[in-house]
Every structure is written in structure tokens, then in C-alpha cells.
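Take a look at the structures below.
Shared between the two complexes below is chain A, which pairs with chain B and chain C, respectively.
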Partner chain A sequence: MKPSSRWTPYVLVGPAVAFFTFVVGLPLLGTIGLSFASWTGTNRPKLIGLDNFVRAFGDEVYRGAYLNTFIYIAATLILEVAVGFALAGLVSVKGKRTGWYRITFFIPVMLPMVVIAVLWSFIYSNDGGLLNSFLGAIGREDLQHVWLGDPTTALLSVSVVSGWVYAGFYMAIFYAGLQRVPQHLLEAAELDGASEWDLFFRIKVPLLRGMTEVAVLLCVTGAFSTFDLFYVMTNGGPDHATEIITTYVVTTVFRDHEVGYGAAMSIIMTVVVVGIGLVYARLRRGGGVDLEY
Partner chain B sequence: MHGARPLAHRMTAAVGAVALAAALAGCSSGGSTPSAGGTVTPPDATVAPSAASSVAPSPTSSEPFTIRVTMGSTGEAVDGIFTELKAAYEAKYPGRTVEIIIQEDDVYETIGLNNLLTSRNAPDVYFEWPGARLATKVTDGYGADLSAAVADPRFTSRLDPAAYAGMVIDGKTFMVPWTGDVTNVFWYNKAIFSEHSWTPPTTWDEFMALCAASKAAGITPIIDGNKDLWPIGSIASHLAERTMGNDAYRAAVLGDQPMNSPEMVAAFGKLQELAQNGYINESVNALPDDQATAQFLAGKSAMIGIGSWLVSDQVTQAPTLQLGFFNMPTFPGAGDPKSVLGVSTGFAVNAHSPHIDAAIDFLAMVVAPEASKRFAEEGLTPMTIDPFAGVQADPNTVALATLLSTAPVKVTPGDNLDVQRAAEFYGAAAAVIGGLKTPQQALDEAQKRVEQLPKN
Partner chain C sequence: MPRRHSPRGARWLASNTLYYTVMTTFSLVFLVPLVWMVMSAFKTQQQIFDSPWSLPTSIDLSILATAWERGGFGTYVGNSIIVTTVAVSAILVFGAMAAFALSRLKFRLRGFFLVFLALGLLLPVQSYFVAQSSLLNAIGINDTRLALIIPYIGLGLSLAVYLLKAYLDTLPRELFESARMDGCGDLRMFVALVFPLIRPGLATVAVFSILSAWNEFLLATLYIQSDELKTIPVGLVAFTGRYATDYPLLFAALSIITIPMIAIYVIFHRQVTSGITEGTLR
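This part shows the complex of A and B:
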């Protein structure tokens, strides 16, 4: 349908553009501006050129935060996406209680992250925590550990919690995809003698490729914006072993009142995330068979 | 807000991404005025307020006006006292009204005060910590020189010059003291000590022997929750002062001397001694301070290293528990064996306020005997002279206030000297107490990080 006036499209789009400009565009421009300045939040910002960026690239903790973030991404790709995929396969099996399983696995997604972080802090606690108590009960005191206080286990421990929460989310995505796999394909394969294993890995999995790519992208970009789980459980410690970019930026801005430096680190992170997204989009080109919607 | 708890403790605010975006985007609407210059000196307990400077005059208008007073919440009871003060002030000064702005304490400390100060309707009086934070406010043009005002008998009769430690910059006084806290002592469970016939130690060797006995009895000697780094950081600050002297300790934290000196390594050796012998809970770096406090109050350890605010926690969580405390045990070193680690808080007046005289009148009422008594009744330790006169206060609170007021040397915790450098210092202490690094390794790394910080 043709618009009645040449201004109609602009009028329709205008509110959304104005809103986006207000909540994203202007803060982004402000952050870019501050990244070239030294500002405590109360003084007059002083332009210092690229000093904040130079400092960020030489900052070992900031660089370490990227390493921790990438380790976290690798862990969550398995614990969230792969496990979510496996759960989707399991709850897709026709059975009496699969509906309950779907609900059960999805419940953690609905809980506030701060509540989850506190809950798991008690589970990991060295002083009467559930995990260590369980290990003690089965006679494996040798495995008892200060899970969140040891640099070798802290990051993985937090990643497990993240997996516990989001595996249900990815399960829901993949489950929705599995319901869209055309029945005639499955029936034809069954007639050709395909086993359940073949049906899953040779038909369902390839058809979920597009959905898997979206899930991976969500997982990777989501990892960069993770904050509350780490902040409550470890606050970046011990010895920066769980320091991720967001916790370090928050510390820099709110504890040290170095708003300009925090802005520079945020801009660098934004560039990295956008870069990853673009590379990923380029790798996705070529596609293949996908589900129809 | 909990009076003078360490700054780092207060930095554990549940700040979120929205607040981050707002801060990064620069939400301030008012123009800030740069400082007129001058060097900012760190807290110095030996500098008394000067009477030489003058206070900016208030407008002579007889029009009714409002002064705005802001602070973080210290709990309903104390917040209520400020409401009483508002009523008393308005009755005493007709035509003036007081607006009390109380924010959630963590919000106030992180972004609340900064946003208020840079807003178009900025507060006239604001709560602040002396030292690094106050120095920043003064440098940024938000601290009115109160030197002449505090020379008035309304203040001189109520506040000892020593109470202004950390509030005097370049010889000018920028704050009026309010409350104080001993930041670290070792609290002990009297029942456990009595059961094993243990006595509070006075020397480090006695302390180690006590810890060994406690461990042998199957009782965790010391528990601490160092997740946010300040509890062990405070102990490290005190150990450093006792080992190398207050001036050298301050110079190291302020960046005037290397942080990895042999003396500092020796001080951190005491932390290593605690860790290596298993005298402190293994979970020290994973445990939040409030959980460590709860476990101590539940009788799961013989001692805890924490500040004077434990009294209020004990009153609410374990009212029947009998507690005692002892100051940092002595050991050979260049520091004062009777030094006390403590901090104070106070109120500053906004240099941009059009009602500075009226703001000072309000602060005079804050330190007046009536208000002081009310604050003491609610468990605070006012910095005023004889704060507990006629007050039924907890004996431990009174003893700690006496300890602080009679200390020959008051040691300032690192995070009240320089937040960023102290963060590295505290991080090194955490690495040592957690057994992750040797004192030399931890301090070398801290020094390397400190050298990368921008110069003040």
C-alpha cells in the first residue's frame, strides 16, 4: 500500500528513531567523547587525547579480563548451548513427563540473577556449603575445595552457574526448532531404516543449523555483557581470576571515579563485540538447508 | 551508610548496567567549577584547623530559603535524628527550612553524591569521608573553606583539633567531624577463651601461640571475609604502620615510596604467617565480610579481625554473646606499638552554596551536646568531646572510642589515603593471605600496577 503522503514513513519511524537516539545514540556519543577525557564525575572533563586507550592496551588486568571473558565464552558454549541442545533433544522425545522437564529446565531462566548468584554462593561455600557437604557425605573429602576462592576453579565455578541458568533458555530455542522439523522427512527416513540416532544427527541437527548459529551468537555477545553473576559471586577475585570486562569497568568508574578511562574501555569492548559480530556474520554466509518459518 | 566503615566495604554497591550507562554518558547537568589550584595533601592527624581563612558570605536577603543536606542512610533511627535536627533548626531560625536528602548508602557513595553535586539543585551540606574523597571534592571545587567557621566556640567547645584528621587540606579545614570508628581490632569470643583459659595476647608471639592453641583445640583461630579485600587490607595497613612507621606506610600507599620495600615485605610476612600456619579460614578470599561476621557470632571461630561496628551486629544477631577485643599485638618495628587503625566521617559544605553561613549553623547543631547524645544513644561514636556523657552505651563501644581518642598514632586505612593505590595494596594482601603469592611476589606485582596509574 502506498503512503498517502511522502512524510508518512518518516512520521511512523520518527518516534522509534527519536527514542533510539535518546537511549542509545546520545549515550554512545557521550561515552565516545568521554573516552578521550579525564573525568572524575565532578570535575570539568579534560581532554587527554588517546591516553585512556593507550593505558587500556597496557593494562594487564584489562587484558586479562578479555582472556577470562573468552574462557567464559568457551565454557558457556558447552554448558549453555551444547547442553541446551542436548536437553532439547531429550525433552523432544515423546513421553509422559517431558512437559514437566521442559518447565523444570526453564525455571532458572526466570529467576533473578542476583538471587541465583547468592544461592550458588551458598552451594559453593567452603563452610557447610552443599557441594562440599555432598562430597564429604560420599567420602570424597579429597575433592572438597574453596571453589570460589581458588583462582584455578573460580572461573569455571561461575561458568557452571551460568550454564545452569541458560541451558534452559537455549533448550527452549532448540526445542521450538525441533518442533518445526517436517514430519514427512522423519517418516521418510524411518521408512528407509534410519535409527533415532540417525534421525537426530542426520536430519534434525542439520536443519537446526541456522538456529544454532543464532544461539552461538547470543551466547558470545551475551558473555560480554555479563555482570551481575560475577559481581555477586566473586567480584572479580580472587586475584582478578574472574575479572571480566564489565566488572573491571564498573570498578574503574564507580570505585576509582575514572569515568574517562572506563568509557575508553567500554568503547574498546564495543568495537570488539561488533567486530566479532561482523566476522561471525561473514562466516555464516553460504548457509545451507534450514527450517522454513 | 554505616558511619566510618572502610570505603572499600562501601564500594561493594550493587551498581548495575543502567547506572553505568548513565554515568558514562555524563548525566550531570550543572557546570562544575575547577579548583582554584593548590596542592591537596592527604589526611594528616597532626594538622589542626586553621582560623586564618574566611568563609564566603551568605546573601543578606531576608527572603525565606531552604538549605539541602544530603547523606547516605545510616538506618531509620539515625535518619530520624536528622529529622529532629531539621525541626529544631527551623524553629531556631525562622524563615529557613531544611531539606534532608537521604539516599541508599551504596548509591550515595558511588554515584548519588556526585550526581547531586553536579545537579542544578545541588546540596548545601553533604556527608563525606575525609582523605582521598574529600580531597577530590575540594580539587573539583565543591569544598567550602570552613577554617574560620570551626574557630567559632560552637565548634571549638565540642571538637578536639585531632578530630579534624584528614579534613585539613593545605592548612584549610573543609569538613566538620561527625562520627568515628576503629577500623580493625581482633574480637574474641569470651566463652571460648574462658573455656580454654586463654587470655588476650599483647605481643605477636603470644598471638601466634594463641592461634596455635586454638587450632590444636579444633577451633578456627581467626575468621575473616575478604571477598571485598578491605578486611585483610585493613589488617595489612596496620601491620605496615607497625613495621615501618606511619610516615613510611603512608608514603608507600600514596605512591611517594615503592610499595615493595623490604619493610613492607616484612609486614606482609605476618599475613603469610597466618596463612601458612592455617590460622585463618581457608575461605577467607571467597567469603563476604557479613558472612564471616555471622559465622564468628555463631561461635565458629575464636576470633575475627574487624572494626568497631561488630557491636551493632552482635546486638542484633547474638545479643547474649560476650565479646572482648584486643588491638593489634605488638612486635618489633618502627611503628608505634599503641597505634590504632581508625577513620572518621563528617560533613562538608558545598562551595557553590548561596547559604554557607546557614549551612554552618546547621552543622553547629549536629555537633551540639543534644544531637551528640542522641547519636551516641543510637550506637554511633560521635567525634565530639565526651560523646558518651549521660548515655547508656555498650561498654565495648565506649572502650573502642576511648582507644581511638587516646591513641598516640591514628593509622588511616589505605583506601582512605588513595583509593586506587590502596586497591593494589589490598589486592596484594589478599594474594598473600590466600596463599597465592609470596609477599615479595604480591608486592612486586602491586608496585608494577601502581606505576601504571596516572600521576595525581
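This part shows the complex of A and C:
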């Protein structure tokens, strides 16, 4: 439609674009610029070319943060996406009343991550922690552990909390997808004698393929931008065992005041995340039946 | 007939029992930590350590009041309400305006603005928050409420514009064209026609934006230093540091924040669930 006057579209778009430019556009350019500079935040920024990037590639803690992120992704693909998928299958079994289960599984999703992180720090805690006392109660004192204090268990312990939070989220999106499975397909299959089990694996699972791919991408890219859970529970420790990119960037910029170096690490991460997204989108192209959300 | 019916009934009963047992077990995984949190608030430090699974011997609600007062949660909750209300109102109004123009009006920079705003959906806040904090410092609003309100508006707008534009795109064009024939200009059309029409879309955006702003932690912890300006998540972390050893008080604080949210969620669970899932899936 033609605008009623030349300037009205710009009046309408103006505020949104102005805020967005100030909050995202300029800072993005600024971060790219800073990544080539050495700056403490108060002195004069000095251009140092690619030094920050060279340093990042040689930085063991930074490389370790990627390794930790990939372990975290592997764990959460199972604990969030796969568990969420299974829960969605369970709550959509025909003829069962599942409203309260769906509400329950989704509760952690809308709570502040900080609250959950503090709560689970107590659950994992050494003295009076729920997990260790549960293990004691069932007679498995041998499994009791300093869950967050031991570098070998800390990352997985945090991943479990992430699963506890987001399994309900993935359940909700898969459940919404299952509601869109055409009823006549299921009825026809039932008439042919298919069991509930067949219905799930032969009809529902294949139809959810497209949505599963979206969920996997969301889980992978989301992993790169987690922060709250790690920051509150371990802040990267012990001994960088749970260091992820954002906790390391925050330490570098806001504690060590190496703004340029932090900016370079942010930019590398951006390239990685956008790269994964693009490669994934290309791989996905041309995949059979689809149920779009 | 009854003879054929009863074995089927028995099997149905067995599978039903199994089903609900499994589901209840799963629910406990989600509920036990939360119930434990609330119960522990009403116990003594000693009881929490010695018998974590026992029920509290008495429920003394004054612990909640104590935690509220000592933690200064009134201030944090007030800050969260101010920041969230201002940011979300701006997101809804500015988002709807931009969505209308980008969906229905032809103008030169339309394509450019669409791509530009899409950056916000593509990039994580980690891509640019380093320079964002310097920028807020430079204009002197670091450690003020504006240091949260302005970024929350900018961050929320991408999603709002895209969801609302998708919503507007589905409406029949005759609706807008006939209004135009009647001599309705763009701005009046927005106020009188568009804003009321997209109410369902606005509800989704509102739910998602409210929860994002209410729960946001990364920027809030980096940009706010004064205790009297902190929002709930940052205030809670400060509180945890101050009373690290007073378990009942900590659990009381967690309960104060959590219980009202769960209550509101249970009432509006349909809107909350669809708001979060649609907002995240885009």
C-alpha cells in the first residue's frame, strides 16, 4: 500500500530503528573496532591489528571454553531435547489427562535462572545438600560427592540443571507439534491395528522431523549464549572446568579491564555461532515431510 | 459381553496405573526441589542439615517478612516493576508502529530496515555487549535505571517487530485499503485500526518481553552497581552473598520470589507457555 505521505513510514519505523541502532547496531560496530585495539576502558585505545585474535587462538582457557561448550551441548541435546521429546510423547498419549503434568514440567522454564542456580547450588551442596542426603538415605554413601567443587563432575552437574530447566520447554514445542499431526492419519492407522507405540514411532516421530531440527539448532546456539547458570553456580571454576565463553569474556572485560581482548573473543564467538547456523541451514535443505510450527 | 469386557478392563487398568505412576515420578523430579526449597524456609538451620526430608515442625510465616525486610526486596521488586513496565510498554508501542510500516507500507528503506532489525534475532547479546557497556558509560547513564531500560527496549524490539509483522501479514489487505479509501491516513490507521487488530500478537510479545526483562541477569549485573537500583535477580545474588550461611533466610528469599511467579503461571499457563515458545522459536 502506498503511504499516505512520504514521511509517515519513517515516523512509524523511526523509534524502533533508533533504539535498535543505539543498543545493537553501534555496539556491534564498536565491538568489532575494539577487537583490533588494546584498551583498559579508561586509557586511549591503541590499534594493535590482529594481536587479540592471535592471543585468543593461543589461549588455553579460551579454547577450553569451547571444549566445555561442546560437552555442554552434547549433554543438553540429551537432557533437554531428547528428554523433552520423550516427555512430549508421554503427555500426548491418547485418552490420558495430562494438563497438570504439562504445567508441572514447564514451571522451571519461566522462573529466573538465577533463582534456579542458587537453589541447585544448595541441592549439590556438601553439607545439608539434597542430593548427597538422598544418596545417603538410599544407602549409597559411596556416591556422595562435592558435585560442583570437583572439576570432573562440575560441568555435568551444571548441565543436569540446564536439562531440568529446559526439558519442559522442548516438551512444550514438541507437544504443540504433535497437536498438529492430522487426526485422520492416526485414526486410519488405528483402524489398521497400529498400537500406541506404532503411532508414536511410525507417524508422530517422522512428522516431527523438521521441528526436531529446529530444536537442535536452538539448543546448540543457545548453549553459546548461556551465562546466568554458570556464573552463579561456579563462575567458571573450579580451575576453569566450567569456564564458558561468556563467563571468560566477562572476567576479562569487567575484572581484568582488557576490553579489546574481550571484544575479540566475542567476535570470534559470533562468527562461530553464525557459521554454525548457516551450515546447519544448508544441511537442512531438502528434508522430506514437514510440520512447521 | 461382560466376559469379554472384563479382561480388557483389567489390562486397561494396569496400563493406566503404570502410565500415571511413571508420569507422577517425572513430576516429582520437577517438584521435589521446589517443595524442598519452601519447606526448608520454615526449618531451623540445624533441621535443614540433619533431616532435609522431614516436614517443618511449624509454619511461621514471619521468616518471609524477615527475609523481605533484611534483603530489601521491596526495593528490588520495585525496580524490576519499573524497568519491566517502561521497557515492555515501549517495546509494544514502537514494535507495533514499525511492524505496521514494514508489513503494509511501501517505502524506500523498507528492505534495509527489515534486514537490519533481523540482526537482533540472529546475534546473541554477547556479540556486542562489550562495546554496549562502554557506550552507556560514555553517555553517562551507567548505573541508572535507563542503563537497563534502553537496552531491554532495543533487544526486545527485533522480536516484537517480527512477530507482529508476521501477524499483520496474514490480515486481508482489503481491510487497510478500504480504510484508505475512506481517507484514513497512516498514523490514524495505526491508532484506530492496527493497534486493536493485533491485540493477540501483542499479548504474545508482552508475555515474552515481560519474562525476559523480569528475569534478565547478564546486563543487569554488569550495568548496575548501586544496591538501590538493582532488579530482583541481581538483588538476590547480592543477598546470597550477604547471608551465605543463613540457610532458612536464603530459602525464604527464594520462596518469596518463586511462589508468586508460579501462582501467576498456573493461572495463565496457556498464555505463558505459548508466549515463551513462540517468542523463542520466532
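The rule is simple: the second predicted complex is superposed on the first by the 267 of 293 C-alpha atoms of A that agree within 3 Å, B and C clash if a C-alpha of one lies under 4 Å from a C-alpha of the other, contacts with A are read in each partner's own complex, and residues count from 1 in each chain.
By our rule, a residue touches a chain if its C-beta (ideal position, glycine included) is under 8 Å from a C-beta of that chain, and two chains touch if they have at least 3 such contacts.
This is a predicted model, so every value here is computed, not measured.
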item	value
When both partners are placed on the shared chain, which of chain B and chain C touches more of chain A	C
Contacts of A:Thr40 with chain B and chain C, given as first, second, both or neither	first
Partner chain in contact with A:Ala263 - chain B first, chain C second, else both or neither	both
Which of chain B and chain C A:Arg255 touches, first, second, both or neither	first
First, second, both or neither for A:Asp127, with chain B first and chain C second	both
First (chain B), second (chain C), both or neither touched by A:Thr234	first
Which superposed partner A:Leu218 touches (first chain B, second chain C, both, neither)	second
First (chain B), second (chain C), both or neither touched by A:Leu185	neither
Contacts of A:Glu60 with chain B and chain C, given as first, second, both or neither	first
Which superposed partner A:Ala74 touches (first chain B, second chain C, both, neither)	neither
Shared contact residues on chain A - chain B and chain C	26-27, 30-31, 33-34, 41, 114, 127, 225, 227-228, 231-232, 246, 249-250, 253-254, 259, 262-263, 266
Chain B - residues contacting chain A, complex	8, 11-17, 19-26, 28, 31-35, 110-111, 114, 117-118, 136-137, 139-142, 227-229, 281-287, 291, 295, 300, 419-420, 423, 427, 430-431, 434, 436-437, 449, 452, 454
Residues on chain C engaged by chain A in the complex (per definition of touch)	16, 19-20, 22-23, 26-27, 29-34, 36-37, 48-49, 52-53, 90, 94-95, 97-98, 100-102, 104-107, 109-110, 113, 116-117, 119-120, 122-135, 137, 150-151, 153-155, 157-158, 161, 173, 176-177, 180, 184-187, 189-190, 211, 214-215, 217-218, 221-222, 232-234, 236-237, 240, 247, 250-251, 254, 257-258, 261-262, 265-266, 269, 272-274, 276-277, 280-281
Chain B-touching residues of chain A, taken from the complex the two chains share	26-27, 30-31, 33-34, 38-45, 51, 55, 58-61, 114, 124-127, 146-149, 151, 154, 225, 227-228, 231-232, 234-235, 237-240, 246, 249-251, 253-259, 262-263, 266
Chain C-facing residues of chain A, complex	1-6, 8-13, 15-17, 19-20, 22-31, 33-34, 41, 87, 90-91, 93, 96, 98, 100-115, 118-120, 122-123, 127-130, 133-134, 137, 164, 168-169, 172-173, 176, 214, 218, 221, 224-225, 227-228, 231-232, 245-246, 249-250, 253-254, 259, 262-263, 266-267, 269-270, 273-274, 277, 293
